[in-house]
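Dropping the structures in below, format is structure tokens.
In the two complexes that follow, chain A is the common piece, with chain B as its partner first and chain C second.
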Partner chain A sequence: MTTIIIIKSADQRSAVTEALDSVVDAEGPVYFLRLPPVRCLGPLVQDLNPMIEHGVTYSIECLPERDDVSGLVEFAIEVDADNICIGITSRTMTGKAQIDELMESILLHERLSGDIIVGDHLIVLEELEYEM
Partner chain B sequence: MLRIKFQIRSAGIASKLFAIDEQVISVEIDNALPVTEGEVFLSLTVGFHADISKESLSNQLPNIQIIDMSEANVTPHTYYLSVLADLSDVSVLSLLTENKAIPHTIVGTDSHLDVVASVRDWTHLKEVAATIEDNHGSLELVGTTQTESIGFPLGSNKVKQSISGKLSDNQLEVLETAYRLGYFKVPQEVTAEEIAEELDISRSTLSERLRRVEHSFCALLFGPQE
Partner chain C sequence: MSQTDQNKAEERRTEVQYEQRIVSEKRQQNRGIGWNGKTLREQLAVLEDKTEATGNYAGLSKLSLKADDPIRYEQLYSRLRADLVSAREISKEVSATPIVEQEGELCYGLFTPEGDSIAVSTGIIVHVHTMSEAIKFMINHDYEESPGIEPGDIFVNNDPHVGDVHPCDLMTLIPIFQEGELVAWAGGVNHVIDTGAVGPGSMNVSQASRFGDGAYYTARKVGEDFELYNSWRKEYPAKTRTPNFLKLDERTRITGCLMIRDSVKELIARTGVETFKQLSREAIEDGRRGFRSRIKRTMLPGTYRGASFVDALYEGQKNVTRDYADENHIMHAPSELHIRGDGSFQVSFEGANKWGWHPFNCTPAAIQGGIWVMLTQTVIPNELVNDGAYYACDFHLPVGSWANTQNTETAHAYAWHFLVSAWAPLWQHLSRGYYARGFWEEINAGNANTSNWLQGGGIDQFDKLHAVNSFEAACEGVGARYVEDGEPHAAAIWNPEGDMGDAEAWERVEPLPFLGRAVKPNTGGAGRRAGGAGFESMRTVRDVSRWLLYEMGNGYMTSDGGLFGGYPAASGYILNAQDTDLKERFENGEDYPQHDLDPESGGFESKIDGDVTRRPEGISTPKEFTDYDMYLNYLRGGSGLGDPLERDPEDVLSDIHDGYVLPRHAEDAYGVVVEKVEVGAKHNSAVQGEWELDEDATERLRERRMGERAEKAQPVSEWYDEQRDRIRAEENLIDDVKKTYGSSMRMSEQFARFFREFWDLPDDFNFDLSEQAQRSLDNRFDSGCRPMWDNATRKQKTWLDIDEEPYVPYTWTAERSIRDLHGPESTFSGRERATDDD
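So, the complex of A and B:
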């Protein structure tokens, strides 16, 4: 099962931990997808030690500068991702996960479909299917 | 099931109310009942900046028939309106129900409508969003959460509606914030100081408002104090 974990800031440790604990499995690779504003993910990922602690193989990728959601979807298709995990950065007063521009673009993207799970620290798009 | 919050540009009855001479603060659709010939009976809560008469409102809303109008007990310049309007005046509500989404709240401010609704799943979310975007020109998703319960559909939250007329906006805000942050849980998930900080009020003001809320609840349950 291939999983993409989108990381919007280097302090999304709880979201990444939740993804590693409840979404990824040892069968498939994990792609930590760093968005352009995030300069370096090494310390965060190494600290969580996905290979030792969770038995998964991973790589760190980066979307090109000024890329939009289509680049992300192309990447997901290219690696045939089963899941996309997006960290929740904040919540509304009534507890709803705040949706930013990127998340909105992903949720409303016409080529993506599947199931959506709203967790404590991340939104998981699972059983992904792609319309070509 | 997903509960979603989204914003669209102000439209329908909300934009008509915001276009009148008297300044409107907010418009909430509390209930809607379909009537024959494309008309709908609406219960609204409308906040104004000053007092307003039924005559003045009727004169400025020629295509909307105001059946009844009463002022809220506590919150000044807030009125409950019962009106007969065209179905197109609540098009977002129609689009939600036609697409089998469950509307929970529809609140208008001067520039946009804040809408909370429930949808089945991700596919349903995209269908509903696309339909509303086609009809209203734009849609911005604000938040989402997963829920097992269907919640209160528009107009069925009678307890909240009753209470909302009996407590001030400040008291309701304090109560809702304290509840949402877990102040009433055992053990407490937040301290009074943290709630006061969240609301940007002093600890003593928070305490006073919560006691007034408790007093109002007791008055509702047991009647006024002798």
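So, the complex of A and C:
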């Protein structure tokens, strides 16, 4: 099962941990997709050690622009991703996860469809299907 | 600059400008300078994760480049390595200091983007890993963000807490880019003459802390576009007594690094960047496998144990920078070498005592570098020498000990004093393994304590502020081998290519004319195979003012025990003469001392009038010398192997004629009786006279000696009882010894428990220390840690005293006996029979 974990802000440790614990499987692969303004995932990887701790094979990719949904979807199609995970960065007054612009753009993208699951720290778009 | 050189420089600048444009574009796209857009820190993190998870470097289970075309693989690697050696041989001619130009105290390495060494040149190969740590420091502390790592950049480091042995080894590092990706680093390091410490020379001894060690340059960028910053050019020369030498040293290093860069670019142009990347990865995994393979073939799995000590005596010395540093130190280095079933090994210094207010403290980079330099001469001389070995070993270095201070207040100017002494048992651990497996040609009793270090400075013969650092210490006697004697005055542990240098070359840069240079008798340890003899130089002083000189080495103690019954090498001593009548003797054509071949004979004192100082210590703080004063530079010998009474008497006779043994000591040490038959005969040594062997008298003497041994011998149980009572009563135990053990017990609960159980002491036993000793320990233990690294690497966690440290067995237990040996099932996994190639 191929998973993309999108990292778009500095403090995403909880979200990534949840993704590694609950979403990805050891068959992998996992793609950590780094978006601006995040410059480096080194500290996160050094902290979590996905291969040592979770047995997953993974790589780190980056996109030049945060709001480039087309690029993101192209990448997902290229790697034939089954899941896309994004960390929850804001919540409503009642504690519910808010869908940000990026996630909204992904959900509304015409070439992509799937089921949405809301976790403790992240939102997962799973069972992805693609319109070629 | 010649037209060719100008063209080359212009070509490099054009290349760099092109690379910089690509890097800038990538940055705007949020891409790093690592491979496939990763940042260097991401790349290092992924590499470490994969390496540890899979047990193979970078997860490489197959060496496809090597497997598909092994000849090409060897050619490509050999080309790189040959170019590293060429870079060293050529660039060392740029340097003005004999330390580099004569003795070759220079080394280059080629490193992966993550900082792992792919290949190293000859020279001070301790730095196979120190530059690695410096690169990893820059990566893990986000230098890619600030100050940036760009094509054409030049970095420098000499900080042991980052990655170095001691501050006089200055390193230059330059990144190598290809199409906007950092594909490798080139690094060069050399030993400089003077660090601008509180005393002159490269390794001052009188400081109590880092703040007297000299100038520290902690992993900093000092240039761009292959040009040094003006601010750097103006800054560092003022921090040393020998600025012109340091400038040329820097040019040396940059020259070599640029040559290496050219070699890499040329290889990439020929074979493609993907081949280079694959080669750099595979070479390290190959090195790792080669190391384990050699361990499996030459050693037995299990634990090898030993301990060593060395003295560093400061009590009563003048010019110690702090009153609280006015004390004696003894380094205690209990060591365990655990060799695991898969051929990896762990070195543990559990029980090492606390760091001190002296410049002999070590950092992990120093310890690890020292291990490599030892291993490359013993275990892996014919395998790839790179950081593959680093990934096959781990280290347990107790935090707060002299081996791993984790305190940036500590001084490190001469970390080698403790390093070399601490390794002495490790050589012997390896030798025991070789003996058990039958590789007798590889057995070596160890290496000399590399000293004396002649250092000093002041106003020299050219009326300039200057410093000196004689590197005759690169040429010590080597420990005896099982199959042959040790080589006399041959090399140093840290530079197997060591050379004592031409006397004339030293005299050009040191106002210290040679009066004599000779093999020094009785310096190599006695044994069936004798340790290699050391040598000595007698120097005087000329045309100086406010000139300081000092000694540095072991004195009361020898850290190099003999092996299999061999005797240790001789320890050191200090001999100076001041306010002498040497000038008058020169003018009158009278005799004067050229040597001190027989310290007990009075020969030296009979040929000079003046204030003669003879001391059994090996360390002195800087003292003032004037014209016609004299200084003995005594370079040590190696330890012996086997019972001296088994040495062939004819060999002892040769030893006498070669100047390795004094005639009267032939009887004392070897039980060999000789008679002088001619007075005038000369030999190819300082010895004059001819001796003959009295075979019958020798046989009788040796029989008598064996009888005396039997008479004097006592059961271990009796000896044990005496020593235990002595410890309990603290009888005839000087404060320095008690302080040493007290420090180890305080550092390590395991050691304390072992010590008390072994000697059957009460559970609450502690040595009763003097108030001064207690205060000294309290001061140091209360100092805590001041670590340099904010973000450790994965491998550093093996010595950072945290939960993730690999299991460290502790085998010093009182109840362990020879009956506890592993059974025959204890062997290496996947073992194969040794072949002729082994």
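Following the convention adopted for this analysis, the second predicted complex is superposed on the first by the 129 of 132 C-alpha atoms of A that agree within 3 Å, B and C clash if a C-alpha of one lies under 4 Å from a C-alpha of the other, contacts with A are read in each partner's own complex, and residues count from 1 in each chain.
The rule is simple: a residue touches a chain if its C-beta (ideal position, glycine included) is under 8 Å from a C-beta of that chain, and two chains touch if they have at least 3 such contacts.
Nothing here was measured: the structure is a model prediction, and the numbers come from that model.
> Consider chain A as the common anchor and indicate whether chain B and chain C clash or fit when overlaid.
Superposition result for chain B and chain C: fit.
> Could you tell me if A:V79 is touching chain B, chain C, both of them or neither one (first, second, both, neither)?
Neither chain B nor chain C is touched by A:V79.
> So, A:G42: does it touch chain B (first), chain C (second), both, or neither?
second
> With both structures superposed on the shared chain, find the angle between the C-alpha centres of chain B and chain C as seen from the C-alpha centre of chain A, to the nearest 10 degrees.
Seen from the centre of chain A, the opening angle is 140 degrees.
> So, A:M93: does it touch chain B (first), chain C (second), both, or neither?
first
> Have a look at where A:A10 lands relative to chain B and chain C in the superposition and call it first, second, both or neither.
neither
> So, does A:M1 touch the first partner chain B, the second partner chain C, both, or neither?
Neither partner.
> First (chain B), second (chain C), both or neither: which does A:L102 touch?
A:L102: touches no partner chain.
> Tell me the contact category for A:S113 with respect to chain B and chain C: first, second, both or neither.
first
> Go through the superposed model and pick first if A:R34 touches only chain B, second if only chain C, both, or neither.
In the superposition, A:R34 contacts chain C only.
> Minimum C-alpha distance between chain B and chain C after superposition, to be given in whole Å.
In this superposition, no C-alpha atom of chain B lies closer than 28 Å to one of chain C.
> Over in the complex, which chain A residues touch chain C? Could you list them?
Per the stated touch rule, the residues are 34-36, 39-43, 45-46, 49-52, 55, 58-65.
> So in the complex, which bits of chain B are touching chain A?
The touching residues are 2-5, 116, 121-123, 125-126, 129-130, 140-146, 176-177, 180.
> How about chain A: which of its residues touch chain B in the complex?
Residues in contact with chain B: 91-99, 103-104, 107-108, 110, 113-118, 123, 125.
> In the complex of these two chains, what residues of chain C are touching chain A?
28-32, 36-42, 44-46, 48-50, 52-54, 139-140, 142, 144-145, 791, 794
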